[in-house]
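Structures are listed in the sections that come next.
Look at the two complexes coming up: chain A is in both, with chain B in one and chain C in the other.
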Partner chain A sequence: MLSLLKARALHSIILIVAVVSVVFLTNFVIGDPVKILLPPSTPPEAVELYRHNLGLDRPILVQYFDFMKRAFTGDFGDSWWQKTPALPIALRPFPATLELGIVAMLFATLVGLTVGLYASARPRSLVDRIATSISFLGISSPLIWLALMLALIFSVKLGWFPTSGYGTLGHMVLPTVALAALPLGRIVQITRAAMLDELAKPYIVTARAKGLSEKKVFIKHALRNALPPIITEVGWETALLLTGYTIIVESVYGWPGFGFATYNAILTRDLPVITALAFVASVVVVVINFLTDIAYWFANPTIRLR
Partner chain B sequence: MLIDKPINRRSLLKGFSCTATASAVASLSFGLGTPALAQTSSGLVIALAADPPSLDPQAIESSLPQQVTWNIYESLLTRDEQAKIVPSLAESFEQVSPTIARLKLREGVKFHQGETFDADAAVYSINRIIDPDLNSQWLGTVNTIAGARKVDTTTIEIETKTADPVLRARLCLIAMMAPGWVEQIGKEVGNSANGTGPYEFVSWKRNLAIELKAFNSYWGGAPALKTAIFRIVPEDATRFQSIKTGEIDLYLGLLPDQAAELPAYKAGISQQFSFLRLNNLPGSRLTDPRIRQAMNLAVDKDTIFQQLYKGKGAILNGQLSSPQIFGYNPNLQPYRYDVEAAKTLITQAGAHELEITLEGSKGRYTGDAVEEQAIASMLEQIGLHVNLSLRDPNSYNRAGDRGQTPAIPDGYFMRHDNSLFDADRTLSGYYTDENNTYSAYSNAEIKPLLQASRVELDEKKRETMLQEMFRIGREDPVGIFLLQHVDWWGHTARTKFEPRADSRLYLKSITVA
Partner chain C sequence: MSSVVETIAPVAEPKKRGERTKHLFSLLCHDWYALIAAIVLIMMISMALFAPWIAPHDPYKMDLLARLAPPIWMSGGNWNHILGTDLLGRDLLTRIMYGARVSIGIGIAVVLAAGMFGTVVGLSAGFVGGRYENAVMRFIDFQSGIPYFLMALTIIAAVGPGIRNLIIVLSIGSWPIFARYSRSLMLTVRNQVFIDAARVSGGSELSIMVRHALPNLVSPLTTLATLELSRVILSEAGLSYLGMGVQPPQPAWGLMVAEGHDYVSTANWIVTFPGLFIMLTTLSINIFATWLRSATDPVQLGRA
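What follows is the complex of A and B.
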């Protein structure tokens, strides 16, 4: 068990280092960062002075190793725009994203599970077909279109909710729905598929033959065994939501969270903050993967015996 | 597969409808209960397209934070509604020697947090912005200044490295800051604000909103508008909707096509000029001025102006300048639209069937791709073969910078912003290839004239030089001169607002009904 944890920890560290390194190095491929930071009228000597002050005139490898060395102590440098340390800037908006993300995932999971279970209980019925179609809608809608459409219909046309901002629960509704759409669709599908898979297995026939009630067969046996893939999917969607979907949804709704901060940092090419945000994102993914594995471990008894 | 009739249908259905109804009811009631839809009665709400990276007025030069900071901070000199330089925190300006200017400061002015504005503060502020350790983005504007020193409590002297006729214009852009506060707050200086202006900083929730309130002890009198909130609304579409619902009162960046749908809008003249920069450097295909003149004659600027920009703004008359800018030449005419004359010139220059590459942007400015494609096809009409590349913002930036791309394009669509209001910014930036990286033009007559004008303190003489350079740059075209643009402001009916020639947002001049 301990060796498993150690291997896991090492693996996670390598992953985080790899992600942060790629993000750091990519910044140099997409053009001169100094030119983005300065107005075009800046005379060349001023540009070079700026470059020197930011340490950007050193060879890339030197910059990389210096950055990595300091990053291991939590120092990602100072934001090029805000001039204050980058890591606190990256961490500060996270609670707001957690608010949104937790509610969205709870909603997506509860509703998704329910709909998926119902659909698998009555396969090829009308309800099943509707559920499957809606799940496809959720999965294939471009997120930015969905977010804007929700704002257009429910804020502008109907006036039920504010178009953007943060502060009241009313501000939370539309972003939550937009964020939950895709995970909801996926969870419906995976629940339905996993359940249908289980229900087709021989032991279900046995259980019914033994005289167990349909409810017991469905929940206590089939669902219990179908949980592992469902849990994996929920974990995956949570990670994706917190570090990916929020970038689009928060920007549309002006929700001051992690995603919006990422969008802004990338727009302004603020390298220290971008790498700090990438670091936070990869830590989030690692943690969620770990929690998913624990839940999986609990749900799947066969693994425990190893 | 034997499936019994699922007895759990009812319970499942119950469970499902419970979840759904509960969520819906909860959301609805929260939504309906929100007070956010009501208009804030006494305050103005302005939408900003992005969170300012910093509120330090001396460090950051981009225009967005300036919508906020020029209400909080002030400069020694400033511009009035017609963009003429007038006193602000300095009451007088005197050039006592070619490199030394003396300024008498206004008395009785205090910073919001209590410090007195005096010579110490003025000297500190000027020395701070030119300090290389600050890494100010304003360096290109202020690096002619060598330093400032105190003469007495209300008098300072500013020394420039050489005679600098543009100093007064530069002083309009340098914000005065409180030395005690700046030293004590350290790195956090960009996260709040403390100035002498009519509005003081209340709070800043990052990526959300900046709140300001009227500074009742302002030396120019307490402003009428008591509170203002700058809300960060990054999506174009959302900003637009927000005006319609009344959540936002005012924003900059309305699209011309949308203007009619809003309760109110203003198109204010700005100092942003669009032009197609042409490459006449030795070895290029366009060294013959006749080709570039022909290209100017080939473009139907009037149609573009009316169709794309609804006739708002102005057509440039053969120079990258406007009547609001010092050095503007009022005697120049725009190139007329004359395809036949253009073709003749092309033939004379032996440039028929000449292949040229043009680089442009898409999505960076309003209507940019459409405009660029229209111009490219107009150039095809006169016998040129045009390869037009529309690039995303990053590669577009690189393509125009001689320092980042070895292959200089024949033409590069660009917009020039002259917030200095002095022709020197334009001439040094685009009418010569010395000391800059964004120009692709060289003219032997302009270079010595430009050098001389930069140290000529006699206003009349200097103005003549600047006008002459614009004239030369028209005859030996720097590029295809296109349009002077406007700032499109969308606002609610209750907002009384007039745009300024310097594009600044002055809350003190706005009222809400």
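What follows is the complex of A and C.
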């Protein structure tokens, strides 16, 4: 078990280093950041001095190794715009996005699982048809349009929720619903398909023949075996939501989150902040992959962890 | 139950190509949802193809006197602009028709590029196996570890926005799923008896892969490509909204939704209609793909 964790940790560190490196190096292709930082009328000597002060006049490889050495101690340098350490700037908007992502995924998973289970219990019934229609609508709605339509109907026309902002429970409802729509639709479809696959297998006949209640057959036997693809989907969607995908919803509802921070940092070419954001995002991916594997193991303890 | 048995039987019989197409068509006519989805899709594609001939106006022509005109069923609307006009007085219906070319065109281009690349990589990985397969799968794992949104924005910031770069970025995000899926399909096909038979009768590895294995993978891969098409159209809308995709004044559905953002409370039709067209298209694609899977895969019959 311990050697397993060691191998796992090593893999994770390699992944994080690789992602941060790729992002750092890609940013050198973008072009001279100093051109954006300084007004166009700046005299050339001042530009050179500025480049020198930021260390941008050194060879790229020197800059890269210097950066990596400091990054390992948690120092990504100071933001070029705000002149404060980059890592806190990258971490500050994360809780807001975490809130949004976790609540949206909890909602999508609970509702999606329940609806998918009911649909698979009575395939081709009215319940199943309604569930299938909802799931199709969920996976087909463009996020930006859905967010704007929800704001139009429930904030502007009906006035039930505030149009934008952050802080209260009321602010949370619309962004969460918009973000949950697509994962919810996928989870319904995957749950239904996986359950129908399982319910057709011989061990279900055995379980029923033993006289188990239908509820037990469903939850304890079939659902347990149907879980792996559902876990994969939940993990994948959660990672997407927590690493910046929420930007569209954040910008419609004025939510001060991680996506917004990423978007701004890339637009202003704030390299220290971009790399710090990449670091945070890849740590999130690694943690979610780990939690996903633990969830697989809980669903089926006979799986060997790799 | 009996209906399932009845529908399985004709599919299981080997059929000539023409007959199979006819059979698929008659299956389609029996499924209302799928039939409507197919009709909507055909309409969207013909709208895209024939936009220059059927559009009532010029998509770029501004008319500031007619700006923010509402659609005809609202008070103040007129027949000149059936769906109203946008903030620069351009006809919305015309721009939606031209936007179909861009949005659907980008979707198809990405699915073709990513689909072909991913399928070739995945099939060869599954067929050859060994170290090559290992390396490919490792790389895919690495790529899925990179937060896609950050990667996409960084690449576009590096190479600049625009349709061609948008296609590249979306393809980079899309090819792994084709590679993974076609590899897993190849693994199940590789061990079947007819492949051994082909090998025993002296077929070369390449001819076995192309002539015997590939035809068995066509229908599941078509389904995957259709589903990906809907996902790509949605991503394109998102990136264009962020200013990282199609650039104004070109009409694209996602961009049009973005342009109406600030007018959503006063002139909501600028947002509503382009978004509605995206949704109709992706909804039809998803319904049609689900039907296609159940119609071409005997195991899935009676499920959809």
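Simple rule for what comes next: the second predicted complex is superposed on the first by the 302 of 306 C-alpha atoms of A that agree within 3 Å, B and C clash if a C-alpha of one lies under 4 Å from a C-alpha of the other, contacts with A are read in each partner's own complex, and residues count from 1 in each chain.
We take it that a contact is a pair of C-beta atoms (placed from the backbone, for glycine too) under 8 Å apart; a residue touches a chain by one contact, two chains touch by 3 or more.
Predicted model, so just to flag it, every value in this text is computed and none were measured.
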* Which partner does A:Leu117 reach: the first (chain B), the second (chain C), both, or neither? -> first
* Applying the touch criterion given at the start, work out whether A:Pro142 contacts chain B, chain C, both or neither, answering first, second, both or neither. => second
* To do: Using the touch definition from the top, say if A:Thr73 reaches chain B (first), chain C (second), both or neither.
  => neither
* Asked: In this superposed model, does chain C or chain B come into contact with more residues of chain A?
  -> B
* Asked: First (chain B), second (chain C), both or neither: which does A:Tyr263 touch?
  -> both
* To do: State whether A:Asn53 touches chain B only (first), chain C only (second), both chains, or neither.
  => first
* Using the superposition on chain A described above, determine whether A:Ala151 touches chain B (first), chain C (second), both, or neither. => both
* Asked: In the superposed arrangement, which partner chain does A:Ser282 touch: chain B (first), chain C (second), both, or neither?
  -> second
* Asked: Who does A:Thr84 touch here: chain B (first), chain C (second), both, or neither?
  -> first
* Residues of chain A that lie at the interface with chain B and also at the interface with chain C -> 30, 148, 151-152, 156, 251-252, 263, 267
* Of chain A, residues touching chain C in the complex -> 15, 18-19, 22-23, 26-27, 29-30, 123, 136-137, 139-146, 148-149, 151-152, 156, 193, 196, 239-240, 243-245, 247-248, 251-252, 259, 262-263, 266-267, 269, 274, 277-278, 281-282, 284-286, 289
* Considering the complex alone, what residue numbers of chain C touch chain A? -> 142, 145-151, 153-155, 157-159, 230, 234, 237-238, 241-242, 254, 257-258, 260-261, 264-265, 268, 271-272, 274-276, 278-279, 282-283, 285-287, 303
* Asked: In the complex formed with chain B, which residues of chain A make contact?
  -> 30-32, 35-44, 46-47, 49-50, 53-54, 78-79, 81-84, 92-93, 107, 110-111, 114-115, 117-118, 121-122, 148, 151-152, 155-156, 159-173, 199-200, 205, 208, 213-215, 218-219, 251-254, 256-257, 260-261, 263-264, 267-268, 270
* Which of the residues in chain B end up touching chain A in this complex? -> 1-9, 11-13, 15-16, 19-20, 23, 27-28, 30-37, 50-51, 53-54, 56, 59-62, 132-133, 135, 137, 139-141, 143, 187-191, 205-209, 231-235, 237-238, 241-242, 244-245, 247, 394-395, 397-398, 401, 403-404, 425, 428-429, 435-438
